[in-house]
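Here chain A shows up in two complexes: once beside chain B, once beside chain C.
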Partner chain A sequence: MNARKLFRYLNQEKIVFLLTVLLFVAFSLTLNNFLDGNNILSLIRSVAVLGILGLGMLIVVLGRGIDLSLVATMAISIAWSMQLIHEGMPVYAALTTGLLFALGVALFTGILVAYAEIPPLFATLAMATFVYGFGRAHLIVGTDVVYMPKTMGWIVMLGQGKLFGVPMPIVVAAAMALIVFLFLKFTKVGNFVYAIGDNLAASRIGGIAVRPMLVLQYVLSGGIAFVAGIITATSVEAMNTRIVNSNMIYDVILVVVLGGVGLSGGRGNVRNVIVGTLLIGVLMNGMTIMDIQYTVQNVIKSLILLLAIVVDSIVNPRDEQTGQQGDI
Partner chain B sequence: MGKTGLMRLAATALAAFTIGATAAYADDDMNDPYRAPALSALAGKKIAYLPISIGFDLAQAWGGVVKTEAERYGMSFSSQDPNWNTDAMAQGMTALIAEHPDVIVTQNPDMQSLARLLKQANAEGIVVVQLNMQGAVQTDAFVGPDFIAMGEQAANMMLAKCGAETQTSHKVAIVQGVLTGGVSYYQVQGMMKVFNEHPEIQIVSSQAADWDASKARAITETALQQHPDLCGVIDVWDGQGIGTGAAIKQAGKQGQVYFITSGGGAQSMCDGLLDGTYSATINYNAPGMGRDAWTAITTALQNNQGAGVIKTQIYSPTRVMTKDDVQAGTCWDPQQYAKILR
Partner chain C sequence: MASANTLTKLRYRFIPDHVIGEILSKKWIDNAIPFLVLICVIVVFGSLIPNFFSGSNLSITSRQLGEFALVCIAMMLVIVVGGIDLSVGSNFALGNFMTLALLNLAGWSVWTTVPAVILICGSVGLLNGVLVGYLRLRAFLTTLVTLIIVRAVVDMLLLKYAQAMSMSFYQSDAWDLMGLGGFFGIPFSFCVLIVVAIVGHILLTRSRPGWRLMAIGGSRRSAHNIGLSVRRTVCATYTISGMLCGLAGVLYAARLSGAGTDTGMGLEISALTAAVLGGNSLGGGRGSIVKALIGAVIVLVMTNGVLRLGLNSGSGPMVLGLTLIFAVFVDVRWLKNRDKLLNKVYVSPTYIELPEPASTSADSGSAFALNDRLKDVEIIGLADVESPEDVILDDDDYLYCGTRHGDIVRFAPPDYKTHEVYAHIGGSPLGMSWDKDRNLLVCVGGMGLYKIDRSRTVTKVTDETNRSKLSVVDDSRLRLADDLDIAPDGRIYFSEATIRYEMHDWPVDALESRGNGRLICFDPKTGRTQTVLRNLIFPNGICTAQDGQSILFAESWACRISRYYIDGPKAGTVERVLDRLPGYPDNINRASDGTYWAAIMGMRSPALDVALRMPGFRKRMARRIAPDQWLYPNLNIGCVIRFDDRGEVLETLWDQGAENHPMITSMREHKGYLYLGGITNNRIGRIKLEGRDTSWSGYRNYWGRA
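Moving on to the complex of A and B:
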């Protein structure tokens, strides 16, 4: 295989996967206990929530959108649920309320994008600020950290339990990945997501109800955000709404883009998200074992994102069509 | 005048004296000579409260106490919430200085960001009280724990559990907040001072979790994975420590790993002690700090020396608590203070 063929063979997903394997081998050889089964589980577990959010982002990005309100929706919806439980609402009613809030917010975002035709970047950015501001002002009236009520029952197991020795956050993330994979691959609606992301105008001419489809994508991602919230809140035993101010949403974009999902829509699948998430997991776990401070970790992470974007633009050059649509 | 006459005169005189004395006493009671000046030094003054966020338990307790007292003495109280945004806070501070309240009560996000502004406020005659974290400039009062001493205290508590005399691995992990934040930085400085004198203690991990419980959980999980024989963990704040404690619990190491943290003594601290999330805590009592801040305000307004002339460090008393110390009412409810601030 000559160099040109090799280059053509390598797409971003393969490059990132190769990078992950290289890092994995390097860490296994240099760090004590890295290869330990429990460490591998804790490695995957620490990025499980990131992976789940990545799935939500994937669905939106495939349809040529982006959802910057994921983290805000996640934090406020579950924090409000737990606050309602503290105030005496039954657990299931409170969780249903939180879920409906997440879905409602996402529905509204979807309508803004699909019907008001506001660019997703701005619509979701505004929604993130709105959800957080509204939530802090009117829903979560006490401290910005809402502690987990002791009465949550079996739901706590989603964050803390184990299934055949595997921590539940990993099991939930894997199940979600499977569901999203099946949805995108085998359902008609899932295929429409790709079609719309690939060519919106042609999809419309082809008879796809483009606007409701766009709304659906945001609603799905809102629901996924709520699931990620439950996992976070039950494993940490608290939901810190300040997380909205952190750079977590960029980490979500990072795992999606890193894995090779094209931000211009229509390209990518669940495997990409898994590969991207694993790279971040291996990287963060290794750096934590090496006792590298998170500020430095952020620098390293962002350099890798930059590298991935550069490689992406070389391997997948912009063509006239994506140029017209405008990249995000 | 006979004997009875003399007696009558004496009785009358005594009665008159008694009445007179009572009247004089009553007159004194009506005019406590120190109260009126004190009240007038306070009445009508404006207090502006600008912590880095009003959304967390400590800031709610400080502000709640100061607001309650301010209203009692006819002062006006306003608060702003920059919501952890240092830029917004600096803008808020600049606007406040232009508004010229009599007192600014603030909490530095770090050492430098507000230093110049606080100096400027003092220069313009505004009394400035800094809470919890001393900026690079000293103003009328700093109210907060002596974090270096607190770090030393935590380290000494850890020595008792994991030091040379114990049959343990002597391995200790430290979970920091943000690297540049004084609350975290000075505590770690105090700890390291003690640990450096005890070479048997092995610090296996010392990382910052960005005041985020999720990060603290992930860091501690990895530390426990690497060092299953870990003896103790110190976290610099209980709000973040809930994640650290969750990692210890989920690794099945509760009881083996001694976990020390510190905080303002909100209900979550008592809950954490009761369910074993924290082994021991150093409580610096946030409502008590609010009272100290109030004392600093009344002192500065009454001493008539002008803003920034008398400068005092008011270090908060602390109390070590374990499960055994927790009773009903030991900790306070942040909701109660949050309501006052609304």
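Moving on to the complex of A and C:
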């Protein structure tokens, strides 16, 4: 295989995967305790939530959308559930309410995107701001942080338990990944998601109910956000709603894009998300062991993302003649 | 019934519904909805918040606006070029921090600090520009990354220097002026904004770089294909955006003299909301400084208002989020439906009651009685000319006509078998006339009045007239110059059939039957073009009367011919010559015996006559069914009439079978023959007239010598 062929063979996913392996090897050789079993588990565990959110983002991005309201939905829905439990509502009823809230918000977002034809970027951006504002103003009154009630029962295990020595967040994330993989690969609806992302007009002509499908994508990602919320809340025993104002949503996009999922839709699968998540996990873990400041970690993370998209744009350049107008 | 008619008449006379369509077709209407929202926001918050309109509050608000609107303009510029800049918030924070650091810690003066900070922030913009413009990365992701990087850099710097910075305090007159002072009671930052806005507006709308920017945003591919340097312009736009953020950061530093981790946090979302609320289209090509400013004021008043109302902490984002959804929704709907709406409402019929037409039946004994005198017409140039609206002959018997391909074609005597392209104009030539020096003057649809001199050079005589003060559409341009004639003193009178429709849509004007046309005079002595008569109903043929004191003009959809005095005691007055015509008059030309020929291009039909008295019906028709199914005037058959100065019709020439000349729009008498042209025909006709002066020619009749 000569150099040119190798160059052709490279795509973003492979580049990122290589990078991950290189970093992993480098850290293993240079850092003490990096290769330790517990460290590897905590590495993966630390990015489990990110990975789960990445799966939700994946479904939306595959259909040529983007969901910036994931983190807000996650934070507010679970925080409200816990608030309701504090106020005396039974656990299951409260969780169902939270789930319905997350799904309802996502449904509304989907309707805005599919039927009102608001660009997803803005619909979800606005929904994120709105959901956070609404939650803080009317659902969770008083504090930023809602602590986990003591009466949650077995659900706490989702965040803190272990299965055969593997922390539950990892198990849940793996299960979710498997479900999403099966959904995208083997169900008709999953294939429709790809079709719509590839060519919306052709899908419509081909008889796919495009608008309901778009709504469905957002609803799925809303549901996934709620699951991610449960994991987050139970593992740290609280939900800090200020997380909405952090860079977390950017990290989710990072995970998805880094792995090589095309933001213009139709390109990518669960494997890409896993690769992206692993790179972030390895990086963050390594940098934490090296005791690098949080802000510096941010810079390094962003530089790597930048590198990934620059390389991608050099390997797969955008064509001035076929580039879509208004594709930002 | 009569009173109902009167009511309809009055309603259509005094309620100008055609204005709706004209307003919708204006560019500035884009700003109408944002502007309405602006008014609503100001009224609502103005009434909710005490002291909203007090001097001190306005001063504080406008000082904040100075900073915020600069960021909005930065965002708008990038959106217009087809991108997005999410790094404005961090860049703003960087500008703020650098200003304070350079002043307080490095001990620079204001005069060096401000340019330095603008350059630093500009270099962040340049980074974005290189990545997005030259490397063609996706703007959203790229600026997202720079957002995080710059934010992290600011945080790191703050950790290191915040304490040292809070210890020292910079003071100078210039700094105080920037932060606290202003000119004539207007805060300094607001003055800066005004200057930037004016300069920016001029650059964006009146300069080449600005046009390039709009072109690239409008269609990147086309801009690339016509050779604009797309990459460089995009890069430059991001750089300018970065510099504006830096300027805003400086002003913010001057106002508050403090740097914190939350400076400029979420500013990108506010600025984006403002830009979109103001009506700047995502994806590029549509945007202006004014739109950015309107959006900035709305967002600022709202966020400040929510704060001032003392609602709990979540309400601000909630209101902002809802507004963003609403704004983008309206923007998307507006873009999608504006043209549809315009198509539906542009045609706005009005009430017109035509008098009973004169009878045309063969046994009626009227001058219009049907006959078959055009049956034996000779055919010239069959299939060689397309749509010869007007025909004219020179003194050497050459025959000229226009074609819809934009040529003047000349046929050679005596048999008119051979032809050549006399001159190429480009637009569809309509009426023609000789001036004294044998130049051919031509009215060209869509272009104006043109002159072809004897060496066949085409020059523009005029293509604009004075703009009427109260008209919504810009009526200074000539849309459909139709026919002309020249007064003895050389003044050129020509008609513009309608100011609301283009050449290809002219029959639609019949559905409106409003006075959309006008009579215009070009004076070669002064070179000025002036509208002399307005609100004519499709003025068409023009002919200087035999005595040179007046001109005759035909109003097609009103089925009448009138006279406008240009000289003598009655100068400036209009009088009716001929009405109750059974069809729609077109060109008028002189006849050899001191009378006039007029072409009737189509016949009235009872159905349309009734419809003309029912504007509501025609409006529904225009809205609900496709244009090819509308009720149009019958333009399939016509005739030629001869009438005299008193308005008496002397004879009529019909082609009853409509075999050769289904539609006649013009005729010229020349040396005993009558030549016929028609805008939907592919031929010219010629027929010998009995008992006419066989030496009479139009040119000699007008200008005497040969």
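Going forward, the second predicted complex is superposed on the first by the 321 of 328 C-alpha atoms of A that agree within 3 Å, B and C clash if a C-alpha of one lies under 4 Å from a C-alpha of the other, contacts with A are read in each partner's own complex, and residues count from 1 in each chain.
FYI, contacts are C-beta pairs under 8 Å (C-beta built on N, C-alpha and C of every residue); 3 or more make two chains touch, one makes a residue touch a chain.
Keep in mind that this is a model prediction, so the values were computed, not measured.
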Notebook entry, point to check: Which partner does A:R136 contact after superposing on A: first (chain B), second (chain C), both, neither?
Noted result: both
Next item on the list: State whether A:I111 touches chain B only (first), chain C only (second), both chains, or neither.
Entry: neither
Checklist line | Larger contact residue set on chain A - chain B or chain C | finding: C
Notebook entry, point to check: Should A:N245 be classified as contacting the first partner (chain B), the second (chain C), both, or neither?
Noted result: both
Note to self: Contacts for A:P119 in the overlay, against chain B (first) and chain C (second): which applies, first, second, both or neither?
What the structure shows: second
Margin query: Quick one: is A:T295 in contact with chain B, with chain C, with both, or with neither? Answer first, second, both or neither.
Written below: both
Notebook entry, point to check: Once the shared chain is lined up, is A:V145 touching chain B (first), chain C (second), both, or neither of them?
Noted result: first
Next item on the list: Considering only the touch criterion stated at the top, classify A:Q160 as touching first (chain B), second (chain C), both, or neither.
Entry: first
Check: In the superposed arrangement, does A:M89 touch chain B (first), chain C (second), both or neither?
Finding: neither
Next item on the list: Starting from the residues of chain A touching chain B, keep only those that also touch chain C in the other complex, and list them.
Entry: 136, 141, 245, 293, 295
Item checked: Parts of chain A lying in touch with chain C, wherever the complex brings them together -> 112, 116-119, 121-123, 125-138, 141, 245, 247, 250, 253, 257, 263, 293, 295-296, 298-299, 301-303, 305-306, 309-310, 313-314, 317-318, 320-321, 323, 325-328
Check: Considering the complex alone, what residue numbers of chain C touch chain A?
Finding: 82-84, 131, 135-142, 144-149, 151-153, 155-156, 159, 219-221, 224, 230, 265-266, 269, 272-273, 276, 282-284, 311-322, 324-325, 328-329, 332-333, 336
Margin query: Under the definition above, what is the set of chain B residues touching chain A in their complex?
Written below: 53, 55-57, 60, 83-85, 179, 205-215, 217-219, 221-223, 225-226, 239, 242-243, 245-246, 249-250, 266, 268, 271, 275, 277, 334-335, 338, 342
Next item on the list: Under the touch definition given earlier, write down the residues of chain A that touch chain B in their complex.
Entry: 32-33, 36, 38-39, 42, 45-46, 49, 136, 141-145, 147, 150, 160, 232, 235-238, 240-243, 245-246, 284-285, 288-289, 291, 293-295
